[in-house]
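Which chain is which? They are A, B, C and D, in the order written, and residues in each are numbered from 1.
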Amino acid sequence: MADKLRIGVIGCGTIGTVHAERYSKCAQAELSYVVDLERAKAEKLAASFGAKNVATDYRQILDKVDAVSVCLPNDLHCPVSVEALKAGRHVLCEKPIALNLDQATQMQAEARKAGKLLAIGVVNRFNDYVNLVRSEIASGALGELYHVSFSFKAFRSIPGLGGWFTTRKRSGGGVMIDWGIHYLDLALYCIGSPQPKRISGVAHARLGRNLKEYAYLSMWAGPPNYGGVCDVEEYVSGLLRTSGPTVAFEGAWAQNIDAPATFLDFLGDKGGIRLHYGKGYSLYSHRDGTLYETAPQRTVTDMFQNEIDSFVECALTGAKSRAHVDSVIASQRIIDGFYASAASGREMDL
Amino acid sequence: MADKLRIGVIGCGTIGTVHAERYSKCAQAELSYVVDLERAKAEKLAASFGAKNVATDYRQILDKVDAVSVCLPNDLHCPVSVEALKAGRHVLCEKPIALNLDQATQMQAEARKAGKLLAIGVVNRFNDYVNLVRSEIASGALGELYHVSFSFKAFRSIPGLGGWFTTRKRSGGGVMIDWGIHYLDLALYCIGSPQPKRISGVAHARLGRNLKEYAYLSMWAGPPNYGGVCDVEEYVSGLLRTSGPTVAFEGAWAQNIDAPATFLDFLGDKGGIRLHYGKGYSLYSHRDGTLYETAPQRTVTDMFQNEIDSFVECALTGAKSRAHVDSVIASQRIIDGFYASAASGREMDL
Amino acid sequence: MADKLRIGVIGCGTIGTVHAERYSKCAQAELSYVVDLERAKAEKLAASFGAKNVATDYRQILDKVDAVSVCLPNDLHCPVSVEALKAGRHVLCEKPIALNLDQATQMQAEARKAGKLLAIGVVNRFNDYVNLVRSEIASGALGELYHVSFSFKAFRSIPGLGGWFTTRKRSGGGVMIDWGIHYLDLALYCIGSPQPKRISGVAHARLGRNLKEYAYLSMWAGPPNYGGVCDVEEYVSGLLRTSGPTVAFEGAWAQNIDAPATFLDFLGDKGGIRLHYGKGYSLYSHRDGTLYETAPQRTVTDMFQNEIDSFVECALTGAKSRAHVDSVIASQRIIDGFYASAASGREMDL
Amino acid sequence: MADKLRIGVIGCGTIGTVHAERYSKCAQAELSYVVDLERAKAEKLAASFGAKNVATDYRQILDKVDAVSVCLPNDLHCPVSVEALKAGRHVLCEKPIALNLDQATQMQAEARKAGKLLAIGVVNRFNDYVNLVRSEIASGALGELYHVSFSFKAFRSIPGLGGWFTTRKRSGGGVMIDWGIHYLDLALYCIGSPQPKRISGVAHARLGRNLKEYAYLSMWAGPPNYGGVCDVEEYVSGLLRTSGPTVAFEGAWAQNIDAPATFLDFLGDKGGIRLHYGKGYSLYSHRDGTLYETAPQRTVTDMFQNEIDSFVECALTGAKSRAHVDSVIASQRIIDGFYASAASGREMDL
């Protein structure tokens, strides 16, 4: 075991910056390389967080690091991760695993073959409040859990209209694969990963398809590229059956109703929890005829730091990662089923 | 055509009282009879609203009135309506039409045979705000409508626990057939009654099944009857595909999360509307890059009076009723499909 | 001591009805008389709640009852209560005590002279949640209390426009004396009745003064009397200094902003409580660096029944009433000071 | 007139960074110097935004620039601004003007004597939504304005506990002089700057005084300095009388109630506006008996850029600045009166 894990961060956009900063604060890691097609972006990131080297082609660094973070558009997750694994590197690949289940399965197989860790950026699993909710559920505080309902709805948040986010062949989909997967993974993680059975879903691509008609207030991953396309859904709704609780969800990058809703409801026969995504939660219970709502708040740790620290630790020690691809692939299967159901207009077996 | 329509109100509970009061204010109606198994209830109602006669058996009045309101538990909707129709009376039957589609179809057939009006108590069709929303949609203000999402969720509102509301053989179901049908009918009415295609639903009967463990703050149609049963669902979620927009919903008589939500979202590609059930609405639009929310409020007419006036008018004149069973039966079909889907754990064709 | 207290309810409007119903359910009371200038109103109320006799002139019943409830417009509180006390009757007078402090003091003096109970309709003192909040504060759960802030704001709720509510010489004022006194009394009751020191207030009478220009959705104590006047304030704001916590408030029967707010915040250096008027509350605390919100809900008793039962009990036994005029007169002093401050545009000593 | 205004930004903290960035984007300005006692902070800022020079003593740059931004703790506003004005430089001084009215008056006098511009960082005057609200009011859309009520309440936001923010001799006060002045200035600006007459205020310093007992979730301008002091108020309430509308406010850096409220209500007799601080607004109106809420949203310009551009333009051309000290000093007078009232427990003439 090396003293420190030599890291290469591939992709210097928003999420690559997040990774680089956390590696720079991780005692067991050495931020050896940051890589971007645009050298200037890589150099700026290197300067900010003390990366030793920069590169513009990830292939050039695979023999100079022990592990890589893949912080690239979704269509590159599979090829870059596979190549890194083939080169014998540990990989932390951002969510979603890949464009679809086929690619994800290929990546999983490659990791097994290489005997290396393939972790996925399901960062909510490293969030303090999420883990508190998971513990409450595991402890039986809610009794038997029978349903989860979650909403990930914004008013005007289509990202980078006309860019890779809204181009299906590069992203694999819209709000479902981008935001929905975070919520879905979080929900399944909290309720003990029941077996998915069937899903019925709808997906609407309406507000962005005529790019210039989309009115917005600000745009993340923007500005819009009016020469590009938007062929992915910005609104979804779905109903998932599992071996355990049923799961319902609705999500919107954008909708013509200004009523953002970003929460997860966990319904049990003794109690319930509403978790505000990225924030705290309320626990509902009753005792002796009195009904209680209790909402604790406290200083939380940085979930991204936790994620990076865990990845480094598991890569160095071989410990099982909480974000191991084996435990994440179920949600990729569900996403695939969701899109198939939306396309066919019928419920799909999973 | 008689000067006035002679009316018999059958059932003197909460909704029977509502009908009787409105008939008493309807110039074209004469409140001839109020009927209840408990004579005292009938007499009290008669005294309050000037009904001329009381009876304890509805069969005794069928030849003395021109029309009846059926304000009885759901299992009596079909037999009593059918008998009244056979006797040649117009019928205003409270929602739901009946316990199931078979009964509803039988009632519809009987009405046709008798050449009499069978109207259903889909009172929201007579609500001013609902009709304003319907007009906005019909006018094209929202552009092409692609999705409707509605919530009918309370925290602690199981009605009459252990009574007929919670006894499947008497009610046909729980929150879906009781509250859901109102929302569903309202939604379909507003969006032009597209053809239902498929539905996937889940129904949970958890919080009321052990009657004494149900903690509540107050109970409508109560108090609880701990000697009775609760074998109907108090939580539902569903996804409906139609020839037009998709429709998603969630509802709860009760849930262990204190976050009531009672609204309908109509999503179009040019605008959207959130209708607060029983209240007003907000219209969302945009023009020249500015996004607008507009919420009008005004004095509204009494939807129950409108419903009764319309029934009386249509019965007297033969005009087509907005609440005619022919236009309501689609929602009964959907409810049947919903329960079949929930029971089988699979999406159902409609 | 009589077996039962013989009661006369004077005034058969909304609040008179509330009193009559509760007396009818009080084992120690006998609802002997209900009185109204309109005999038909009295007779209807008598029929509903089993009052033995009706009268149209309260003077005729003073020697036939042991106690009276004064449920009349504010300008009659003083003369009728004084006359009843002079006749040796116990009096439960609705809030406010009277039009002003002079009248209230006269009533208090008369009660002392007569040796009879003069209780005031400060019904919130009999509300379960209010008493829970009071107990929390008394227990020290909030630490030292330093400020109370309360809001009693509606969007469109001017009552009986053009009637006695909006006619100063009959009401003594508008939203402050009608709603504000409930909140003020409740607040002082919960925090241990500190000595009022100074008050600075503003009162605006804008939205109702041109009666026909007032747009509204519904009107309690309506319909409007366009031949009447509205010369009372519908919006107030004030700042009160006491020997204990400071108190700030804002209230509106109506305002051109649709943001109703009806709550009281109790701020202590260890914790705080937000009480939702007429509903439950949230308690805020912290321990070991974690901040908690806790909101208990439970079945509550009927505060009006509690109020009536207490009045009857105290009248019969001579026990000190929680609503004794001696403990309420401080709020009348504050209301007087508030109006004086609003009229002069200067803070007033109390 | 010079081609470009040579600028020195004095103070490289959060707000100094904001100024420097905007100067770097202002075509008419040249960011000549950034100054901080800590050279490293100055150098980092210079690198980020292309400042030509750095210095650690502002006195060294006064003869090398045309204008300075004073981005220092409140106690340095007066001495540094005065010195810069004496040296013949234009000054943009951050809010509040100074610790108190005496200092502010001295600065104003010095600016007049020097014939230079002294602008204050009342940045909300450069906010698009604020100016839309101001225009609505000026247009008469609300009719006659009679009251303004604003809230600037957070749950846990004491800044830099134990640092200069919470040390009275360095800051001049707590939440009132830090946040309140923004709201107060914004309100007066929107309603046409009526003459202030009297103010009654209360100020509470409870939650921070025992520094280690203050539980918080995060801290801006932190971390806490437990060796310092907190002798400023974190909660305020006040009532201001002017020659025009009355004004009521409440504010909290921290309170033991988790109900943040950051808005301003403008009440007119024809309509009203609720402005969400830093965000958009809702306009309430009525026509023909229908009440409307209308909330427009659109892309807004950067108020900080507007502020800097305006300062530079006015300094170069001599045009009257919207943020001229002459138009801001009234709010400093009110703040002084507020603190005097809070200290004495009595309303103060202004």
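One rule holds in what follows: contacts are C-beta pairs under 8 Å (C-beta built on N, C-alpha and C of every residue); 3 or more make two chains touch, one makes a residue touch a chain.
As the structure is a prediction and not an experimental result, all values here were calculated from the model.
Put simply, the chain farthest from chain C by mean CA position is A.
Note on interfaces C-D and A-C: more C-beta pairs are in contact across C-D.
If you average the CA atoms of chain C and of chain D, the two centres end up 42 Å from each other. Between chain A and chain C, the centres computed from C-alpha atoms are 56 Å apart. In chain D, 217, 258, 282, 289-291, 293, 295, 297-299 are the positions where the chain touches two or more neighbouring chains simultaneously. For chain C in complex with chain D, the residues that touch the partner chain are 142, 144, 146-147, 149, 156, 197-198, 200-202, 204, 206-207, 215, 217, 235, 237-239, 241, 246, 248, 250, 255-259, 265, 267-274, 282, 284-286, 289-291, 293, 345-347.
Interface of chain A with chain D (complex): residues 216-218, 258, 295, 297-300.
Listed in rising order, the residues of chain C touching chain A in the complex are 282, 289-299.
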